[in-house]
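To keep things simple, chains are lettered A, B and C as they appear, and every chain counts its residues starting from 1.
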């Protein structure tokens, strides 16, 4: 059987590229609100209206919206226009399909007119004559048909007013509890998983390598002390320790990487130690020592190159552990709330009522993302392991 | 045999001391000095004074440590900052839930995983083996909370078969039988999800060990003896593979206890793990330390149980080496 | 008598097929000691395990192995299982891993008695003691586990186990090769003695030509999967006709082994 190029290497490069360049594909940052909370993905939204945004400007003093849905959750009109000719006298007029007109705001004087209308504001409702507990949107969108928004009176000379109607459905993966784009959040989360996974594992491997080499090469009391420590550390549940440390020490990303690294070197140390021991027993290290090679030289020039491929495999196989630990801590709410990560997304989905909204799109993407990234690293690790030790290929471990 | 137990017991005591020491020092490296951070501003001056005495905060560090060890060993954890009640009272009511969750999940996943693993090894390349290999890689790479959230979404929201959260319904059902049934209904999803996540890795380990064992000479001799396949599989192969299976189980134990924290959080179970998280998030340090300690104790205890099982399963430990081969 | 007719055994791997036994015909008479000698990898072991149909799934058998009305090659699993041990028992390299490590040796012998002979537990335990004593071991060893026994003791346990059902034949595959020379001689003497006393047939497979020649009634030389020479040990030692036999003999002469 010939070993074929593994799918996981290609997948890893793709994930890396998506993590590095993916966020550039989105005009707005992942933190910005794009639609109503828990909006389903556009392709399954059905009757819900898509998000709308348009501008009123000197070039386009009136907008016409062909409204084919029930009233939306909200509408906002924000912006500033300037009038050169003083004195100006202008008003913002809303005309419903059944012919009623509302004056949403008016301006007289000169200079700058700032508009900040949110249909949920009580002041706005009172102006329209709606009780504070009722929605003004039924009045503004009474039926399907053509809605006209225009600036009447004096024409502004520059500036624009942005009209935004948040949609009832959004994009490929809908929105979260704050109306943020889940796809954008998902892409942004790749970075954290990769960064934490790789950085923490590198740190752990470096620690494991040096401790394992020291243990295997020096032997004796140091060896048995180190191995005893490894046994003890391996028999304590790590997650509670991490929780306590993170809870006390802080939730920053770099702290997390450091903590994860400090608590996951044990496996590598064991592997490296046993490898160093077998290499020592092959006798050539003995020969080197007898011709006067220094321990450092032997470690560096002879043991390290032998151990390196195995170490590479250990790193790749260790990344999923770090990713899962990071995701677990974030899921428990023990991560920096400002940093978007897949675990954090699941935490918010769990904590902010994704279930009552039936919002599967908040749960599946981050969860599958974590799983796939873990599978990719596991498969890469196995591939490297087989390359480093061709016996595994023939032996048919699986 | 005796030296084996002496070593194991010494190991357990060492881990116990380490857990206590970790606890002791972790909660002393908190920002601010020990007094101001341990003594919560919400306490009355008398309570503060009582706590000072209790913690022995004026004494030198090593005496503080001895006092701390004694308090831990006697389950005297002080008052919770959040509830102002003794921490031990809070935890005591949660231990049964955690043990019920982990115990039932472990029992089921080991039985299912063992059965599947043995049969996967018996028929290489068959359906069972494929199932085992797939479920194994699932349990290695899918985050537990993700699988649990999906199960929750499916069976508590889309098809509301099981309750969404907690251990008892509100209002509480009447009668002992109904209470027990209600408790079981609340436990099905949490424990079931742990089984779903756990049986795969269990099955893979058992399969790998069984494949190795079935290739041994003594299996050939057992077959030559004209024994039935079932008998060879269980009495000879599985019993021989059991000690290493238990070793791996021992290594997996800390991870299983870690899993309790996440599972209890997902399903809002009234357990020790959820208590630990809530205490950490609420900066309730005495409670967090106690919950951490109890989880450590739980691990040490199950370690000893697994050790005992190991020593029964492996005659090389049970009767020692009277003669070298 | 077990008669092997035109038996071929081939190991089919995904890449190629390796013939281990090629068109072998051999009679194993009851009450006599037949020895097969040959170099390692010559197909001797495959032949023995083939007689009990104990080969791995990738091995394919053709030809026939006849015992009474039974053809082991084509019979049903259940009939082959009945044939095993009650008619033909196996003695393997007991010094290595032939005994299940987690079951006491007494239980492993008693298991055959209970499962195959339908004995009650007590009765079986008594019989185990007798069997062990027959092989020169104390009866108390029944309670021991394999790791507590020496290689020679384990080998005797395996022989006791083979005697348990008083089979017509004993098939021994390199029964002594992992033992030191003195133990080898003792064990082989025990085995040959018991077989003669009970009038059983023994098929002894070994690479040790002098050892085989010293106890067997008929000797067969196997080379590259084929039987190249058969005859009485005296004839073969004195007038070897096949080059491989001569090579085997000269190897022992070089090593200074006395062939008498």
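One rule holds in what follows: contacts are C-beta pairs under 8 Å (C-beta built on N, C-alpha and C of every residue); 3 or more make two chains touch, one makes a residue touch a chain.
Quick caveat: nothing in here was measured; it's all calculated off a predicted structure.
Every chain gets a centre from its CA atoms, and the centre nearest the mean of all protein CA atoms is that of B.
Looking at A-B alongside B-C, one finds more C-beta pairs in contact between the chains of A-B.
Look at the CA centroids: the one farthest from the centroid of chain B belongs to C. Centre-to-centre spacing of chain A and chain C amounts to 67 Å, using the average Cα coordinate of each chain.
The centroid of the Cα atoms in chain A and the matching centroid in chain B are 30 Å apart.
Averaged C-alpha coordinates give centres for chain B and chain C that are 50 Å from one another.
By the touch criterion given at the top, residues 11, 14-15, 18-19, 22, 26-27, 29-30, 133, 137, 140-147, 149-150, 152-153, 156-158, 164, 250-251, 253-255, 257-258, 261-262, 265-266, 273, 276-277, 280-281, 283, 285, 288-289, 291-292, 295-296, 299-300, 303 of chain B touch chain A in their complex. Interface of chain A with chain B (complex): residues 231-232, 234-241, 243-249, 320, 324, 327-328, 331-334, 343, 346, 349-350, 354-356, 358, 360, 363-364, 366-368, 370-371, 374-375, 378, 398. Those residues of chain B that touch chain C in the shared complex are 216-218, 220-228, 231, 235-236, 239-240, 242-243, 313-316, 319, 321-323, 325.
On the side of chain C, the complex with chain B involves touching residues 49, 52, 54, 81-86, 89-90, 92-93, 95-104, 111-112, 115-116, 144-145, 147-151, 154, 158, 161.
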